[in-house]
Amino acid sequence: MTDPLLNIVDLKTYFRDTRTGQNIKACDGISLDINEGEIVGLVGESGCGKSTLGRTLVGLEDASGGEIRYGGENLLTMHGRKLHTTRRKIQYVFQDPLSSLSGRMTIGQAIEEALIINGERNAAARRARVVELLEAVSLPDQIAERYPREMSGGQRQRACIARSLAADPKVLICDEPVSSLDVSIRAQVMNLFLKLRDEFGLACLLIAHDLAIVRQAASRVYVMYLGRIMEEGESRALYGNPAHPYTQALLSAVPSTNPVEERDRQRILLKGDVPSPINPPSGCRFRGRCPIAQPVCETPPPTIAVDQFHVAACHFPGKLALAG
Amino acid sequence: MKDMHDMNTSLLEVANLSVTLHTAKTSVQPVDNVSYSVKAGEVLAIVGESGSGKTIMNMAPLGLLPAGVDSEMSGSVRFEGQDLLSAGNGKLRQVRGGEIGVIFQDPLSALNPVRRIGRQIAEISERHLGLTTKQAEKKVAELLALVGLPDPLSRMQQFPHELSGGMRQRVGIAMSLAGEPKLLIADEPTTALDVTVQAQIVELLKDLQKRLRMAIVVITHDFGVVSGMANKVAVMYAGRLSELGSVDDVLLDPVHPYTRGLLKSVPSLDSEIGSEFIGLPGHPPDLSRRIDGCPFAPRCFAALESCREHRPPLLPVPHSAAARVVACPVVLNSHAEAV
Amino acid sequence: MKDFISTLRAVGWPINLLIAFFIFITLFGSFITPYDPNAQDLMSALQSFSTRHWLGTDNLGRDTLSRLISGAQTTLVGVTIILAMAGTVGMVLGTISGFFGRWVDEVIMRLVDFGLSVPSLFVALAIVGVFGPSYWNMIIALSIAWVPIYARLTRGVVKAAVNQPHIESLRVLGASRTRIIVHHLIPVALGQVLIYASADAGLLALAIANLSFLGLGVQPPLAEWGQMLVSGMPYLQEAPRLVILPGVALTLMVVGFNLFGESIALAKNPRPLSKRKLALRRQLFMKEKAA
């Protein structure tokens, strides 16, 4: 087996709560691998730290501990020029494409700027590359003349991706890339990720709350709750046989468009709210809301292989049975 | 005869409603000749993507539009027989929050950040039901318990920012119920929420609807919410109704090409892992331009030359429930042949 | 350019004309003054309105119209220099403060807070008091006094922009700090500073007049409205126009620039259409529909 392209070990990102001076543990010991040319999913509810993880990976937040290894080298101990060139290999796609583009620049200018940053000095070469990049995201080259506000949401998001591609990345970190788009145009952007993977071997960390979208696109999935990974594995195995009670609850909440199914389905309704990441519960972080929590859950949960293809961090994986 | 009876029991009767908005730069017509009705105790879902006019269609007749926008409405919106479009501001204020409750997408924007929750809700009961302060406070405690807030008495003393997103939406719902409405208009009530919380809120709304025998109009882009709580669905595209019918008919056997495409675009937990995503080509039309034929024609697989020339009428679907109408003669013809 | 014209349209023509008039006499005033504003002619002192001297003469026989025009020049040139200096220094400080944050921000903002807590005119008075009254001392004093306002304004704009995705995405792309600041933050801040400055110009004109009135700013014989007020005071009884005319000019300038700046700031917000415009839009819409 080859080494993963991006290998994250025990990553921690803490913020200081300015009011109390305590640490907010947004990411608290995350280990995660992304292989070359692989789409990996990261799911969880808002506030679980999945966005913070993505932002830490591209240097928008400072890590408090752990390692981010790209091609075997730890980014967190790297400096200067080397850090600068390595960092660029990991690019980020924001949730809202409109606010991640400058309103005062045309799309062509924005992409050209990214090329200048990447060290392309020749203006003619830059313009040729802009056309290539727009083509790579299936946008006509006249789009280069447009301002972001003159484009549709799907076009904007594809333009953002084209700009990221200007840095010749190996990994795209996509934070809710389609949640601000209309349902009927989400496919344009999602299929683009599949295409970029197939044509350029671009790896992708797909951070999303929509479990169905992640399932369809990603070959492997991580489920995150309150700063920790609860369950991870191949999509087929994890979705087909979810073992962690949290994953089960999440999946049971995904609505179906079939009203007949929807009428007589069983949901695992979780009690209470997500606890504060300042003082997370000891042991299993989910135990306060878990329907099958036992006293032993106050100790750190073991990582148990559910089957050959996926593992869960739980004392009782697969023990929560859906009634009915 | 049956139709007469239906007309009489309709709580909300919208007929040929058009809304035009004028701003300094342009005029747009986000709602174009729409008719539908809601009976007492019924849940109607209005589905559409952004810019389909679904929110403006419901908010404009109630006088709830952003500042700086001038609106012009034609047609009629009758609530319990009274036309809201010709009603004065005083009457509107009385209906809004009273007999018609409104739930907003962002509960925080509907709450005053510097006032206690209990007082804000109590005020509505005082105004619309004429309760005394004491009675209103008691009513608020009941309402908060009804929407499933634990420990309602101490919650009443809290400020909106002290609550989580799900709790806030519950407070928003309690507030919309404070005037004992007969009709609840819920604008994207679950969009800002996580899936697990979303499931809770849908359950809650369904439960409240049964217990209080209200009618609900839920405005949403999420078919999950539609299938979870609605009896009837209206699908909107570019300010027009494209399909209207019972939830089982429309969701299980969609007829209009737009409804079909939209339903197929929703990824499900049954789709093939690693397969291509299905969507619709192109994008919605510019509503400030005149649309001659069917607004969906440029994106439609079944479009004929005639679709671009004449506006397709809403026609009943043959061999189907009487209330089911679709604005696509092309598909209706082939549908009739197939059945 | 299109934006510029539509903003001016929103401001309203009376104010635009007034501002254009002030700018015109500042640029070309020297060519249109009927007399040398400093030429004394004691033979024709304290004359009233006449065809020779449209607005009369002062106690030294100088032509009032010429002095008013020259005074506008003095004031507006001063205002422009001060705004340029205070705006530049304020923007540099504010950008550094907003972009780097942490202790740099703390230090700069505490200084700014101190500057803001003391009325600007007092700061200017103190500086002139120490270095002595002169035209350039006044300019420097007012510039220093006005820096904190622009530092605070810029810092707010920059701080809001820094955390926006479009700046963050540049950081991820590997853009240097210089690029982000020069190409993206300063242009945004500049827009806000210019809007604020256009309203502030009136206040500064008043401050210059104030200092000159107290004898701490513009020194005779240079024409300036505050000065003209002082020298006209002894003749209030016999020739009130010597006080009233510079007073009116000053008021027009202060109110004019204030309204101008405020209207520009408000032009960005949507407003309900006037009845006339609404009817027009409606007509247009009907026509489009019918076409």
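All chains are identified by letter, namely A, B and C, in their written order; residue positions are counted from 1 within each chain.
Following the convention adopted for this analysis, a residue touches a chain if its C-beta (ideal position, glycine included) is under 8 Å from a C-beta of that chain, and two chains touch if they have at least 3 such contacts.
Fair warning: this is a prediction, and the values are worked out from it, not measured in the lab.
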Based on which chains are in contact, what kind of graph results: line, ring, star, complete or other?
complete
Top-ranked pair of chains - ranking by C-beta pairs in contact:
A-B
Averaged over CA atoms, how far is the centre of chain A from the centre of chain C? Could you give it in whole Å?
50
Using mean CA coordinates as chain centres, what's the chain A-chain B distance in Å?
32
Note: in the complex, chain A contacts chain C through residues 58-60, 84-85, 87-88, 91-92, 94, 96, 99-102, 104, 113-114, 117-118, 160, 163-164, 166-167
For chain C, which residues are in contact with chain B within the complex?
269-273, 277-278, 281-282, 284-285, 288-289, 291
Quick one: in the complex, what on chain B touches chain A?
49-50, 164-167, 194-200, 202-203, 221-228, 230, 247-248, 251-252, 261-263, 265-269, 271-280, 283-284
Report the residues of chain A in contact with chain B in the complex, numbered from low to high.
45-46, 152, 154-155, 182-188, 190-191, 194, 209-213, 215-217, 219, 235-236, 239, 249-251, 253-262, 267, 269-270, 273-274
Within their complex, state which residues of chain C touch chain A.
164-166, 168-176, 179, 183-184, 187
